[in-house]
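Okay, so here's the structure we're looking at.
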Amino acid sequence: MTRVSILGSRGYTALELLKILADHPEVQVVAATTRQEGNPPLTDIHPCLTGRFDLDCQNLTAEEVGRVSDLAFCCLPHTASMEAVPQLLEAGCRVVDLSADYRLNDPGVYEQWYQHVHTDPTRLETAVYGLPELYRERIRTADLVANPGCYTSASILALAPLLAEKLIDPQGIIIDAKSGVSGAGRTPKLGNLFSECNESVTAYGIGTHRHTPEIEQVLADVGGLDVRVAFNPHLMPMDRGILCSIYPRLVEKRSQKDLLQLYRTFYSAAPFMRVLDRIPRTRDVSGTNFCDVTVCFNRDQLVVFSALDNLIRGASGVAVQNMNLMLGLDERTGMLRC
Amino acid sequence: MTRVSILGSRGYTALELLKILADHPEVQVVAATTRQEGNPPLTDIHPCLTGRFDLDCQNLTAEEVGRVSDLAFCCLPHTASMEAVPQLLEAGCRVVDLSADYRLNDPGVYEQWYQHVHTDPTRLETAVYGLPELYRERIRTADLVANPGCYTSASILALAPLLAEKLIDPQGIIIDAKSGVSGAGRTPKLGNLFSECNESVTAYGIGTHRHTPEIEQVLADVGGLDVRVAFNPHLMPMDRGILCSIYPRLVEKRSQKDLLQLYRTFYSAAPFMRVLDRIPRTRDVSGTNFCDVTVCFNRDQLVVFSALDNLIRGASGVAVQNMNLMLGLDERTGMLRC
Amino acid sequence: MTRVSILGSRGYTALELLKILADHPEVQVVAATTRQEGNPPLTDIHPCLTGRFDLDCQNLTAEEVGRVSDLAFCCLPHTASMEAVPQLLEAGCRVVDLSADYRLNDPGVYEQWYQHVHTDPTRLETAVYGLPELYRERIRTADLVANPGCYTSASILALAPLLAEKLIDPQGIIIDAKSGVSGAGRTPKLGNLFSECNESVTAYGIGTHRHTPEIEQVLADVGGLDVRVAFNPHLMPMDRGILCSIYPRLVEKRSQKDLLQLYRTFYSAAPFMRVLDRIPRTRDVSGTNFCDVTVCFNRDQLVVFSALDNLIRGASGVAVQNMNLMLGLDERTGMLRC
Amino acid sequence: MTRVSILGSRGYTALELLKILADHPEVQVVAATTRQEGNPPLTDIHPCLTGRFDLDCQNLTAEEVGRVSDLAFCCLPHTASMEAVPQLLEAGCRVVDLSADYRLNDPGVYEQWYQHVHTDPTRLETAVYGLPELYRERIRTADLVANPGCYTSASILALAPLLAEKLIDPQGIIIDAKSGVSGAGRTPKLGNLFSECNESVTAYGIGTHRHTPEIEQVLADVGGLDVRVAFNPHLMPMDRGILCSIYPRLVEKRSQKDLLQLYRTFYSAAPFMRVLDRIPRTRDVSGTNFCDVTVCFNRDQLVVFSALDNLIRGASGVAVQNMNLMLGLDERTGMLRC
């Protein structure tokens, strides 16, 4: 059994990781960290894990975790991750980092969007971006995988086939993204209270959302051209799920049928991609690692839809998928439940 | 007291009308129709009206309603309305029609989108489109007001100032609209069940939604040019509210500040328009007749947001606003409650 | 116009008060306080009030408020209220206090349930409990009205007719109460996050909820006997509304019909009480000051149901109803909207 | 691989069964029936199963299903089940029946509560009630298992330890049950529309709910005494989950600690029972086959809480648990996912 650990156990991504790992046949969770005093049982922090884990959370350093683990999932906030990851790697522990700290190649871009100097810039070159549909082979041998953002995965997976074939204008792609509230995390804030979110829809972070440069960087890599997106996130009155409605400009006439075929070919080896003939619903991917996509036309306008569970396919599910690849396992191991 | 009636009492727009009219100081509801046998009390159909109305619903003809009413709200489905409206008008009763039957000027366009021949085409010329912010003066003297659709109002009010000033390309305006489930009506269908809609977001009617020609017709009238929109409606897991996120192409450089000023000027005489410096939330207009709008930039891309309550501002509230104008009252009468 | 003020403007009860007062024909809001620096516009704190109030919140003392107001609504937390109320009254300002500080007659009971010594115990004798259906006449002339708790109102209004007639065992009344999340207030806490509350039901405060002694005190006053309730509050995945399902032991055989008649007689002069022949839904009272009640039998077991909007009838609506009585107005003034 | 089939594929319990069976290592789904014409693919009926099943639904008779299956899950409505089950059994196919048709021992009681004569009364004697925590050994060898109702499971599992020890008065047990909307099924009706259920709580079926005789029958069997419950179901604005709040009268003084120990002993061999020291939340059992229970005191009043997922533990999960036992497998097979 591979020994795995979680750094930062309190949040929703840690919880979803633990729920998947509880049934994973090839790994054992050996440590879960918290800054909270008193070594609280994991089930105090996440009551739904009662009966599944007999483990206390501990206030361990990254180095201590690294010494007892073969692989660690880093669920720390950005800037905290770049402190912990070097210690984990130096202790010989491979890492799937769920923060944003190793996603961007250019430390200058990181500084621009996160208002923080990157303290581990050289490692940005060796970190592998953890989107298996694009970087499967590199992930297998990586020591450090930068797990993608939730909006990012939904946006990239929807657009990659079109950009790879240079079928759309890489400038001015409009992404209208709709997310459930769990994407905002488990720290209490006015904006994620039930009585503020329920029965309400709004947009936020127009022009400033930090997933923007991540989307542009990966899509530029796929398409070999500079990409510029207008990324417009919206908050939905639901717990989980993301739907991206994307409006690209087609530069070459193609039918819906051709485009669906293109997507099916592009994702033929991807077990968690479902190319649909109908518009996806977030409900149909909830609790799963699937990403559902389709393309259609609104008269002349091409529209691409993608749906995923922001906590699973957008965070903890793909993290396990990455771990499976790193461990030489079938990427579906422990995760086929629909 | 003006005698008003409701044709078609069972649905949500009839309910919201009745809730507003219950406190309206200048009108009295004299009849409410239903096809249901047995003259059920209105409070059997809408329990929340208990104590507010002592009225039985009756299976009356439009002609019978017209004889006892000064003004009727027609809450019938499309195609049924064009049967009833001529009878009401011939009986001397003015009409606010909440169906789509008198919204489109061209019976051919009606036939194309509704798959039904229009049986009262000549009256399309005299019907006034009931958006007071654009047609206030004509509404005052109209005998037949075609009350706008919910998505339509949100879209038009968001775009009218830009098109009036010819600041955007009238072709290829992308509208990403998000609506609560009450917009789908009160008739039980799989698609509006709680267990299908809750915790889910999806899109529908891409390229086929019937509010499309209505939006294009009115905006063309405002801008003096053909308008073409890609209208993309989405279903949200909430009861009521619409948010439109609109992505037009600016043809002339303008700052956010200039554009907000343009909107404030355009709507300076409109008591139910609120031009905001921030992104609207549907929660903030819920239960009110307000439409909140703002404009901002996502880097280069202009984005316009509008929010309204689909049942009030998108249907029954604006219907009362139209009635107030038709009766020579202040348009806010009976409706200021925020 | 009567000059009224709000102490503590940030919460949901203050917001609902302001929404009602915005349309109230007889009062003007002259001040709203906050501890927040910089005199923020009221519409910054509550965006939905945009266009309804042109008022800045100020960091005023209770004395300062008292000098410019005829009546103040105190929306402060418990223990803060008993600091402010004496200053308001001494400045000649009448008070409706929405906190718990003046609800209990006995300072010892207050100390037991609130773990805080009451610093203004003598005023407990003159404060009038603000449930108009029971204490209408005393409220008219009161200078200090202790506005009831939300669960309390629903429980008392459901049980008062039975206890007044001594038809039930006053010991061992089981109250199973279900509330929306807004009852937990607007301060961010883990327990009122969307992602914790949505799609979940739970109970809390079993045996310790502070509305218990309030219910027992008022019902004892109504029935002339000691009353003991097992009060069991539950948290529902909704914003607003309370349903109480109450299981009393009938000591004398009565039919449902007799009991409904008893309730109708008891509440014949109460414009906001609706005695129904069917089980109430919280949806049907949402946004209104109505309390809907019914009684029925589950085979031998008497069941009483009551439903109200926790923020309106359970807090701000009844506060305005109390104000109306204090000002000699019809108690419905400004509030009939269903 | 055991060949299993589903009769009646359209509803939510069939969907949840299929989701569990998709990953079950020991069975293969060989047939799924529908009355719908044209052999629609299963994924047309349940889009979320895309990629998991390559199976068309067929309009097969029970006999045809029986011939190709080792075990069938009958998800038909009551009265339809008693037509199909005899045919299945006669074809040599074992059955887990999710309807109510074989749950009650006495055909007279069935007729009284279901207003329908039982057409297969002799088989009521051999059918085994499918609650593994009470009837595990009999289930192993049964040919026909009557899968329990959702409310029933939650109620019985909460009360069985107390009645087995004769610690409570078996008469007059008050059960206040709260359920998500999916319990009402997938057939469109006014009462399960999003816009009727959302933001609302109500009760229904007081004194008439059909789970009442089922609860009483099984608890009488456990306790050896007649049992009478006042069962009060409520509808919550959520998709799934049941919380039962139960108010029994203790006939012998016991501490909370003693009672929790009693529950732990009673359920020591039950892998899906979790006896908690805190009040359960439905969220913590959602998507799982766990039933969480606790006992506590509200001053003198004993309160028992139980929580489960109505579609999993209350229907399809326990159906697979029953199948596992019938097939000689570990009852947890295919179901540990939390």
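Each chain carries a letter (A, B, C and D) given by its place in the written order, and its residues are counted from 1.
We adopt the following convention: contacts are C-beta pairs under 8 Å (C-beta built on N, C-alpha and C of every residue); 3 or more make two chains touch, one makes a residue touch a chain.
As the structure is a computational prediction, the values presented were derived from the model and not from experiment.
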Steps in the shortest chain-to-chain touch route ending at chain C and beginning at chain A: 1
Maximum centroid distance from chain A, chain identifier (CA atoms): C
Distance between chain centroids, defined by C-alpha means - chain C, chain D (Å): 40
Centroid distance [mean C-alpha coordinates] between chain C and chain B, Å: 36
Rounded Å distance between chain B and chain D, as computed from the means of their C-alpha atoms: 45
Overlap residues in chain A, where contacts from two or more other chains coincide: 180, 196, 198-199, 237-240, 281, 283-284
Chain contact graph, described as a line, ring, star, complete graph or other shape: complete
Chain A residues within the chain C interface of the complex: 12, 180-182, 186, 188-190, 192-199, 237-240
Chain D partner contacts - residues on chain A that touch it in the complex: 19, 22-23, 47-52, 198-199, 274, 276, 278, 281, 283-285, 287-288, 290, 292, 336-338
Interface residues, chain D side, partner chain C - complex: 172, 174, 176, 178, 180, 196, 198-204, 206-207, 228, 230-232, 234, 236-241, 243, 245, 247, 279-284, 286, 296-301, 303, 305, 307
